[in-house]
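Each of the two complexes below includes chain A, the first together with chain B, the second together with chain C.
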Partner chain A sequence: MNMKTRVAADVNIVELSGRLDTNSVQPVAAWLDQVTATPGARVLVNLAETTFVDSTALATLVRALKRCQQVQGDLYLCGMRRTVYMIFELTRLDKAFNIFVDEEHAIQALTG
Partner chain B sequence: MLVALLSSQYARFTAIAEAWLSLGASAFGVYQDERPLVYWPAGHQLARPSIKAPICRGEQELGDIRIAGLSGMAYEQRLRADASLISYLLQLENELQLMTVDLVTSQDQQLALYRLTQSMRDHVTVEDTLRAVVSEAVRMVKAQGGFAAFVPASGEEPLLVQHPEGVLPDTLAWHFYKASRASEREHMLSDVEPELARHGISNVLHVPIWVRGTVMAGLGLLNRPDGFGAPDIKLVRAIAGQASAQIERMLLYQEMFTQTKLRTEMELARRVQVDLLPRSLPVIAGLDIYANSRPAYQVGGDFYDFIVQPGRPLIFSVGDVTGKGLSAALLMTMTRSAIHSKSQFMPYPTPEAVMRQSNEDLYTDFTRVGVFATAFVGQYEPGSQRLLYANAGHAPVIYRPADGEPRLLRADSTAIGILPVSRCRDQILRIGPGDLLVVATDGFSDVRNPDDETFGIERLLDLVERLHERQAAAIATAMFEEVDRFGHGREQDDDQTLVVIKGAAS
Partner chain C sequence: MTSRPPESIILDLPARYSYLHLLSDCIADMLLLVDGIDDREALLYNIQLAAHEVCTNIVNHAYHNSAKGRIRIVLTLHFDDPALQIDLYDTGISFDFASVPTPDLDEVRIHGYGLFLIRQLMDTVTYTADRGCNHWCLTKSLCLEGCGSR
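Now for the complex of A and B:
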């Protein structure tokens, strides 16, 4: 798993590639904890290059979402592959997260 | 020196003197700086010696032996031979003395090192060990002060101890340590720069301490009044060697302690998980039921449960709490207990009501610790051929009707602990003869093979299609076998839990 982070239009963006699971999620969790501590934090997780997510990775995203909500911020997801989206759909996490097709649409929604 | 030799070898000198007297000499004497040290016979001071021969050490003349009353070439040669023998004895005596001094020093040092090793046995932390090493090294080398640094490979905080406290600025101590680590050898400064002199440092010796094949620590000594010589360096190296062995022992001890703690925790988690599973499978008219759960080494939070009460429908649950180890096992017991007690004590429990109430109970705690639990709750009235269920984020769940294709049952709400209010609704499934329901946990679909391929949902659907005609127990056994084959001996990452329910003739 690789992670690349940047800030664009005041949105903290992380791009994750490869498998996001128990063994690889730790640095992502640490980054999410850090960026979701700021009041009004706006965070975007780009999963376009993510090939797999396990339940620990899902729990990390859910935890970050809740932390964002506690500080009146937002956390959006974007660019999921079909296999990853299927996991969100099967577990109904598609109802808990705001999911966008790509980064452009997500940033528009976050900053609009 | 000549005096010392005379004292220790007096009998030999007497023998030489007597031999000369018997040859006809009137006197024999040993002289140093023209002063007699000893002479035979008593009272004869050899005021006018006839022959003299020098006693030397190397080029240096230390004294002479002389006789009176005899002269001639043969006597001169013989006296020179005696003088040369005495010179040789002197040289041997000198070497012996040096060896004795070395031996005594070495014995003292060995004793001191032994005491150091003994005293270090009582220490259980690296910091204690370093403190003992520095204070003993300062005492043994007779330096004014010392320090020791340790940089753990595990990324923990580096350690620096000084004796006495504040003997030099921390930055300087780290500077010496880094220099030794970079060059992997000792560093000695005798002509110190003005910067060091400003801090009252006149000389420094820093020796690296090797731990597990790399320089992980260092021992520094400051201000030895006569400077650091070769024996001091040797001694400090020996002390560093002791410190190295002790630090390695300490790290091994700490690792064993952590591993044992982890193993105990894992064992406890496994016991909690296994002990809470139902001891037997329920026997229900119209259903063929099988269930099994295999905890992974790093226990996850899987569970399954059957609630059978006389006169009430069967309720069963399957769930998976996120996380690993003891925390997952504890949260699993909370989830299982919430679902179990609701199913048991609500007057008219339905899967939807059980799930909603459990979510209400657990939401706040789960949010606080940042976890959630997926759960599937089913309810079956014997003979009804109808299964009521609610699914809170649980996957994979596969339904294969007797006359159709296997399909995945999507959850009807998010997992317990994600949203404050559950959106679960009761769903209905036909469970007539031949209809099959397989509720698994993600430990099944997420199994990986050595090529890092995931077993996945598609393979699981194919497998259910292939096995659907068998009995529930046979289906489950074949499914465990198939994922084991796919994993190809790779260690199980997550718990694997399976509940198979098949409609049967009642």
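Now for the complex of A and C:
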């Protein structure tokens, strides 16, 4: 798994590629802990190149979402592949997250 | 028509997260041996995820992430009435599989999706603990195109 982080329009963005699972999620969890500590944090997780998401990865994203909500921030997801999105649907986490088709639409929503 | 015998792969892995991608790779390669699988991409992902979740459960709970145990995995591909069977064995701490509740999906929760996903993504899931050996058996029909709903 590779992660690339940057800030654009005051949004903390992480692009994740490859397998996001128990074996690889720790640095992502650490980054999410860091950026969701700021009041009003705006965070975008780009999963366009993420090929595999397991329950530990889901837990990490839910935890970050809850932390963001606690500081009156937002955490959005974008670019999910169909197979990954199907797991969000199965667990009904598609209702918990704001999910966008791509980064452009997600940033518009976060900054609009 | 001649019946094609099942094909098997046996893995014997140290119980470490870093080896679990090998199981996913084996599942992908085995499914390539069957032509005409309906929605191959989703089926492959679902089987890989269910098997991965069993292994993470074993590493986490059976062995408490001690890196001392092993996971023995037998993948059996059946060509007549195509199906994949995955048997996973560990010698760690057992648990009462039947007593684990289904999570309330109306509540956004951090934990508890692993066993739910295993049960949902496979056709059958059994877990037996007998004399120090725990055995998971997962099966999934490889529905061919035009065979209707899975």
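Note that the second predicted complex is superposed on the first by the 112 of 112 C-alpha atoms of A that agree within 3 Å, B and C clash if a C-alpha of one lies under 4 Å from a C-alpha of the other, contacts with A are read in each partner's own complex, and residues count from 1 in each chain.
Rule of thumb we're sticking to: a contact is a pair of C-beta atoms (placed from the backbone, for glycine too) under 8 Å apart; a residue touches a chain by one contact, two chains touch by 3 or more.
Worth saying up front: this structure is predicted, and the values here are computed from it rather than measured.
> In the superposition on chain A, see if there is space for chain B and chain C together, and answer fit or clash.
After superposition on chain A, chain B vs chain C: clash.
> Which partner does A:Lys4 reach: the first (chain B), the second (chain C), both, or neither?
After superposing on A, A:Lys4 lies clear of both chain B and chain C.
> Please indicate which partner A:Glu89 is in contact with in the superposed arrangement: first for chain B, second for chain C, both, or neither.
first
> Show which residues of chain A both chain B and chain C reach, each in its own complex.
The answer is residues 19, 21-22, 52, 54-56, 58-59, 62-63, 66, 83, 86-87, 90-93, 96 of chain A.
> Under the stated contact criterion, what part of chain A meets chain B in this complex?
19, 21-22, 52, 54-56, 58-59, 62-63, 66, 83, 86-87, 89-93, 95-96
> Using the touch definition up top, name the residues of chain B that touch chain A in the complex.
320, 322-324, 367, 370-372, 374, 393-396, 408, 410-415, 418-419, 423, 442, 446, 452, 454, 456-457, 493-494
> What does chain A use to touch chain C in their complex?
It comes out as residues 19, 21-23, 52, 54-56, 58-59, 62-63, 65-66, 82-83, 86-87, 90-93, 96.
> Which stretch or stretches of chain C touch chain A in the complex?
17-18, 20-21, 24, 41-42, 45-46, 48-49, 52-53, 56, 59, 105-106, 108-111, 113-114, 116-117, 120-121
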